[in-house]
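Below are two complexes that have subunit A in common, paired first with subunit B and then with subunit C.
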Partner chain A sequence: MGVTYICQWKQPEGQNIQQSIEQISSCVEKLGAKKAGLFQVECESFNAPNAPNAKTLHLIYDSEFPASRFALFEESSFLVTDVMLSAFLSKLRAVWQPKKGGKIDCKGQRYELGDFLIKLGVVSVGASAKGISVELEYAPCVYARDCWGMMSEMLQSIIGEQAPPSLPSNLQPKGTERFSPELTMQQYVEMFNNIRKTVVAR
Partner chain B sequence: MVEPANYQPLSGEIPSNVNVQEYFLQGSILDANADKLKQRLQGLCDNVPPEPFTDHEQIYFLKNATSMLPIIVKACKSLVKPSTPWQIKYVGATEVGEHNKPTMIRSCVTVAVSNDPAQFLDNLGFSLQSEVILKGYFYRKGRLKITVSKISVPPTATCDTSKLEASASSHLVEVNTTASPRDETAGDEVKNFCQLLRPAIVLNKVDHRKLQQWQ
Partner chain C sequence: MSGNPPPIKISLQSLSDTKIQEIAYDGRETFIQPLSMSESLTDLANRIDFLAENEDEETQTDDATSTSVDEAQYQAKQWPWENIRTQIQRSVIEMNVLTDVLSIAQNKPTNVPKETAESSDSNRYMMYDFASKEAEPSKQSLQMITKKRCLGAASKILLSGADRLNKAKSESSFQNTYHSELLKLRQRWRVRRVGEKILGELSFRTAGSDYWHMGSFEVIKKSDEDSDTLDDYEQNLTKLTPNVPKSPIKVVVSSDLRGFSSLSVQIMDLSKDEAIESCTLSLSDIENSAMSSANDPLWHRVLCNAQNVLFCRELFARLSKEAVQQKTLGTASPIVVIGDTITTNIFPKIQLRVQLLFSKTHPTQRNPRQASIFSIQNALMHLLLRYFSKRLNISPPHPTTAALGLTTQMRHAAVHHNSLNQLAATAKKTSLSFVDVLISMSKHYEVRQRVCDTIKLLSNEFSDPDVLAHWSLASSKTESSARLTIANSGFESCYRSAVQVIVKPDCIKILQRDARSLTLSVDPTDLHNYFVSLVASHQLMTVQVLSRTLGWTMLHVSPHSSLGLTPDIKNRGSVLISSNNGAVSVAIACNEMIGGPIQYTTHVQYTKAHDRSQLEGTMYDDPDFSLESDKYLPLGGVWMKVNWPQLHGRHFIQKMETLLTSLVMTEICGKSETVETEQSNKPETEISTKATNDETVTKPKKELTATQKARIERNRQKALLLRQSRLSQQQLLGTKTTTGCSRIIDTGGGFLLEENPDVKPRKLNRVEEPAPVIAGDDSICLECDKPFQDSYLLTTYDHQVCDKCRDPEEKHSVITKTEARETYLLSEVDITKREPILKYVVRKNPHNRRWGDMKLYLRLQIEERALEVWKTPEALEEERESREQKREIAKKKKFNKNMKKLRQEVRSSLFEVKSKVHTHVFGPEKQSETDEDIYTKTCIECDHQITFEKM
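Showing the complex of A and B:
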């Protein structure tokens, strides 16, 4: 588990999602990356309809951490749990229910290129594809500031001008905090929320 | 291992072998006789030393608009093994069942969590109802779990486990197992084991409806 950066890749004009994913996949393969299986990140959102002040709860599954589940309340605490969290939440269904249209997932191909792990995924809400995600992980390092230079160069090779010019604020270390899977999941939730807003705006 | 493309870990069906039903019997034994019970358990149970435990258990409740009974969750943390994760356990209403049912039954789902779940449970709407310290020994026989423990009130300042104030002069004894709701042998297994503990202790079904009357 290293430092991970996730972003949504804005596909070129006039291309559908399938064409775009093929384009970016060939770009990654030309860099020398080798296919290393599939990945999946799934996020389900819950709310409490009878409690107007209740925050939305996001429940995340990531195939990189198959024995764990991640529970995140918006603007609040994060909890890492084992696989029984879904069964636990189902017992609270009298109060906490899945949000309609709240299920979003990202599935695609994993690539390995030296110490980098690159994941290119299609983000879908239900059965319809809504966007493309790019995840870059630099495995040997756990401090974002120390490896951002290398990650930034690799991102520019993959997504070109869409690569962020400097260390993004959500990866800025707080004191001496090591990078953790929670930061990865927070980035996924932010990306999913942005995609949901785009879907609603249309 | 890569899962099939239609695998839905969050919204798919819970695997049928998930054990969400707890079959249990409870009783108590005076402190003076607890050692004799422990010796008998040592002989009857699996050939491993009994595991000492000291757990800080917090009981949270959430009022449920659709039912008289609130939703109960217990948050448990070991005080002697700080590296073990917190556990949060949903416990359903206890069913005493008919006379021919050998044990009490309740649904239970236990989740291990990474850190103190107080903030998480607070966001879910739960309120802390009470907390206790349970100190005792844990025995096992196959899939049965037997605990003999003393209930204490947590000290107000710090959790100093050497200075606990006991709430009664007896130990709580519980024999339980978790199994699938379709498993019909689990209850009989618990009851048959409890028969072996007589007459040192008589473990019976307890009417939890009287204990579950909330103001």
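Showing the complex of A and C:
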């Protein structure tokens, strides 16, 4: 469980998703990474229409944590539970109602390169692919600041200019806290939201 | 008698009418009931003699008849009409007699006297005779026949009775043995009665097995006919011990359990196609020694065999199931399961083969050597038992709402966001794979064998340093270690190298003295190479230490030089030393011929002119070793090669010592300017004598200053002292004794042998066999499944949980005895007497120090005990509720009772009004005697007296 950075790969003009995926994966494989199975991240959003100013609840399943479910309120509390949470939420249908088109998922190939874990996924809502996500995890370290140099170097070799120039603010937890899956999930939610917005804008 | 006796009361009492029938021991009398009216009437009627008068007449007329009739008369008392009948009978007889008399009287001749007339025609006469019945002779035979018949009938009855008795007796004895046998069977096997049948079970289900086979058998009472017939299988069973006691019980086991089964584990060398090691595992082998004996009845053997078959099958089923699952995970070498065989290659060309053997006939006796194999037997058995116990003993979860049978770690996995790798690691740790254990054990066994062989080979190959291997006894199933010590005999105190060899299933780890650890592959050549380099470096190190002791200077050491001059020679290191004034340099190189022993090539260079006569024959110019080229110029002059076999000494180091000392000697002697003749030019003479005499003399080549000489002398003395001390130390150690010219070897066994120069000294070969692998008896923590030595819970409560996993707040909390009794409804006996007795910790009573001690039990164990007593938590709850209800009912009853009592006490109808107004009823007035006016009257009822005055 190390530091994870997630970003959306902005595909260049004139390329469809399939082509871009192939391009990045060949790039990753050239670095010497080895395929290590598939991964999947699912996110389902819930609304509470009865409560006046309730925040959106995101329920996330990540294949990296197969036994856990993550519940994330927008910009507030965070919950780690076992697999029964979704069943529990369906019981609370009176309060929490699934958002329309709130289901979004990300599937793709998982690569291992030494201590790095690279995941290239296709983000899709329903059956239509919306974008490409790139996830980079550096396993041995739990402080983002300490390993950011190495990670940014790695990112540059994968996604080139799209790599962030400095430590992104969302990787920086308050104080000197350790990196936790909470931050990973937040990044996912942010990315999913961004993708949704861009899709709507189109 | 006195005149006036005191009056005595005499009571007259009628006797009891009824007769006493019997008086019991306690004095009670039993009466015959008096006759009723009708009965007494009939009795009286019986007594009436209707013909009493007639009887008197008759007796007077004829005496003869009366006498005969008399007897009949006595008997005729019972029947009311008996008398009449006898009278009639008598009168008939009299009539007959009368007619007889009359007829005789009619035909009587006149001349013949009445008494003696004997004429044939009219020879009738009369005489008195008793009218007794005559036994008729004609009826004798008839009587015999009837008697015989009667006897026959009686005897028949008797015989049939006896027959029946016999039969019953034999029946009962048969029944008895049957029942006693059944009892014996019941003592060893689980048997129950289902309807008419007696069914039993021999599976390991109660131990925790989940194998599908029920293993049921039926017990049948053997009838007489088939008691002696045995089928082939049973004959096979009894073959070994023919004197099996017969038993009236026969057990019927399903046909697939009738046979002999065992599990064979073999490690095969595929290149030679033969088994390196093999073992067969069967329950009966283990049982044979412990449980059964030759006198066991047949049924026990049949059942034991059946159970063994079941055991082998279950074990094999588990193994094959896991093997098949393992295949999907993609191990390096696939595990192949075909029919009753599991095979896998543990190493190239080495195959592990597990086979389930089953035969209807008794297997031939196994080779005892083959049977003695590593502890796979025990390990597999142990694993199966652990699996069983894991299935049976599921500790109750804390908190109680959690899922059953999960460890704390597993429960927390989801909430502590464990990642994929962590989960996989946990799953691997908790899973109990038989195949994995089997494979790693056999791998370890094989590797250990290889290490052992290599060490043996090494100690045989190198005659020079002694190699001692000591196998540690503390070994586990998959890890064992050996300590390897290398030393030169006689120079042990000089230098000794030791390494620890740890044998693991997949690698060999080596810990060196310098805290470096190496990991070698399991290839034996790898290990061999390492050992060779180890020996070489040991020798070089010893040379270094030796030369330092003798005052030489180290110029250059290289542990591993480049390849030798010829490619088939491997260099294992080299040392360059020079004497302290730099006159002589010695270069030693350890070379290993490929496939040959280590060679020590040594060159000596005299940088200064030197007398060489003393070491004549030991050195020669090496033709191969020419340093013509310019680049060798810094190496200086000529190098001579030392001829090792010519040097004196038992082994390399000793020879080295000889060489170095003699070189120094010649040098010193050269400096000391003493001109003498050579005393000993034989290099074989004793070093000690040489060292002390220092009379070897050569001509000096150069003059020295006084200070130089003094330094030389000092150094010499120092070297001598060092040497002396070392020698004396050796003498003390007793490893080598040097006296005069003869050398004595201490054999170490109490004998001193004189050295024979022709015979090479026998080398010590002290390589031990590794100790047998014993599965560690470490306790295994129930929580984390790791072995541990000792823990608080184990010592105080016998609960196998290590200190790390101990959770004193929640899971392993303690409970006082009183509380335990109340909460879990346990009796005193359940806690203190029931086996296994629970352990507890004694603390002072927190309420008052003077009260009884507080006994703290482990809550977990108390809960277990409660489950043992109440079987299920529901039963406990039910019992608690029922007790609660009972208590309620009792309370209510008591309350009602008290209420009733109270009500009765206050009931108005029963209440006696005590304060009734008493009206005095006065009697007659009485005038007082003293005062006339004063009268008194008294109440009749209550003696109340009123005094009043009448005016």
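As a working rule, the second predicted complex is superposed on the first by the 201 of 202 C-alpha atoms of A that agree within 3 Å, B and C clash if a C-alpha of one lies under 4 Å from a C-alpha of the other, contacts with A are read in each partner's own complex, and residues count from 1 in each chain.
Quick note on the criterion: a contact is a pair of C-beta atoms (placed from the backbone, for glycine too) under 8 Å apart; a residue touches a chain by one contact, two chains touch by 3 or more.
As the structure is a computational prediction, the values presented were derived from the model and not from experiment.
Visitor: Which partner, once the models are overlaid, touches more of subunit A's residues, subunit C or subunit B?
Guide: B
Visitor: Let me test your reading of the model: by the given contact rule, A:E42 touches which partner, first (subunit B), second (subunit C), both or neither?
Guide: first
Visitor: Of the partners subunit B and subunit C, which touch A:M1 in the superposed model: first, second, both, neither?
Guide: second
Visitor: Quick check for you: in the superposed arrangement, does A:M191 touch first (subunit B), second (subunit C), both or neither?
Guide: The answer is neither, since A:M191 touches no partner chain.
Visitor: After the superposition on A, what does A:V80 contact: first (subunit B), second (subunit C), both or neither?
Guide: both
Visitor: In the superposed arrangement, which partner chain does A:W96 touch: subunit B (first), subunit C (second), both, or neither?
Guide: First partner only, subunit B.
Visitor: Looking at the overlay, what does A:V134 touch: subunit B (first), subunit C (second), both, or neither?
Guide: In the superposed model, A:V134 contacts neither subunit B nor subunit C.
Visitor: Tell me the contact category for A:E64 with respect to subunit B and subunit C: first, second, both or neither.
Guide: second
Visitor: Output the subunit A positions appearing in both contact lists, the one against subunit B and the one against subunit C.
Guide: Overlap of subunit B and subunit C footprints on subunit A: residues 63, 66, 69, 80-83.
Visitor: In the complex of these two chains, what residues of subunit C are touching subunit A?
Guide: Residues of subunit C touching subunit A: 413-420, 422-423.
Visitor: Using the touch rule from the top, collect the residues of subunit B that touch subunit A in their complex.
Guide: Subunit B reaches subunit A through residues 1-3, 5, 7-11, 14, 18, 20, 62, 64-67, 71, 88, 90, 92, 107, 109-115, 117, 119-120, 123-125.
Visitor: Can you list the residues on subunit A that touch subunit C in the complex?
Guide: 1, 63-70, 80-83, 180-181
Visitor: Going by the contact rule at the top, pick out the subunit A residues touching subunit B in the complex.
Guide: Residues 37-38, 40, 42-44, 48, 50-51, 54-55, 57, 59, 61, 63, 66, 69, 71, 73, 76-77, 79-88, 90-92, 94-96, 98, 103, 107.
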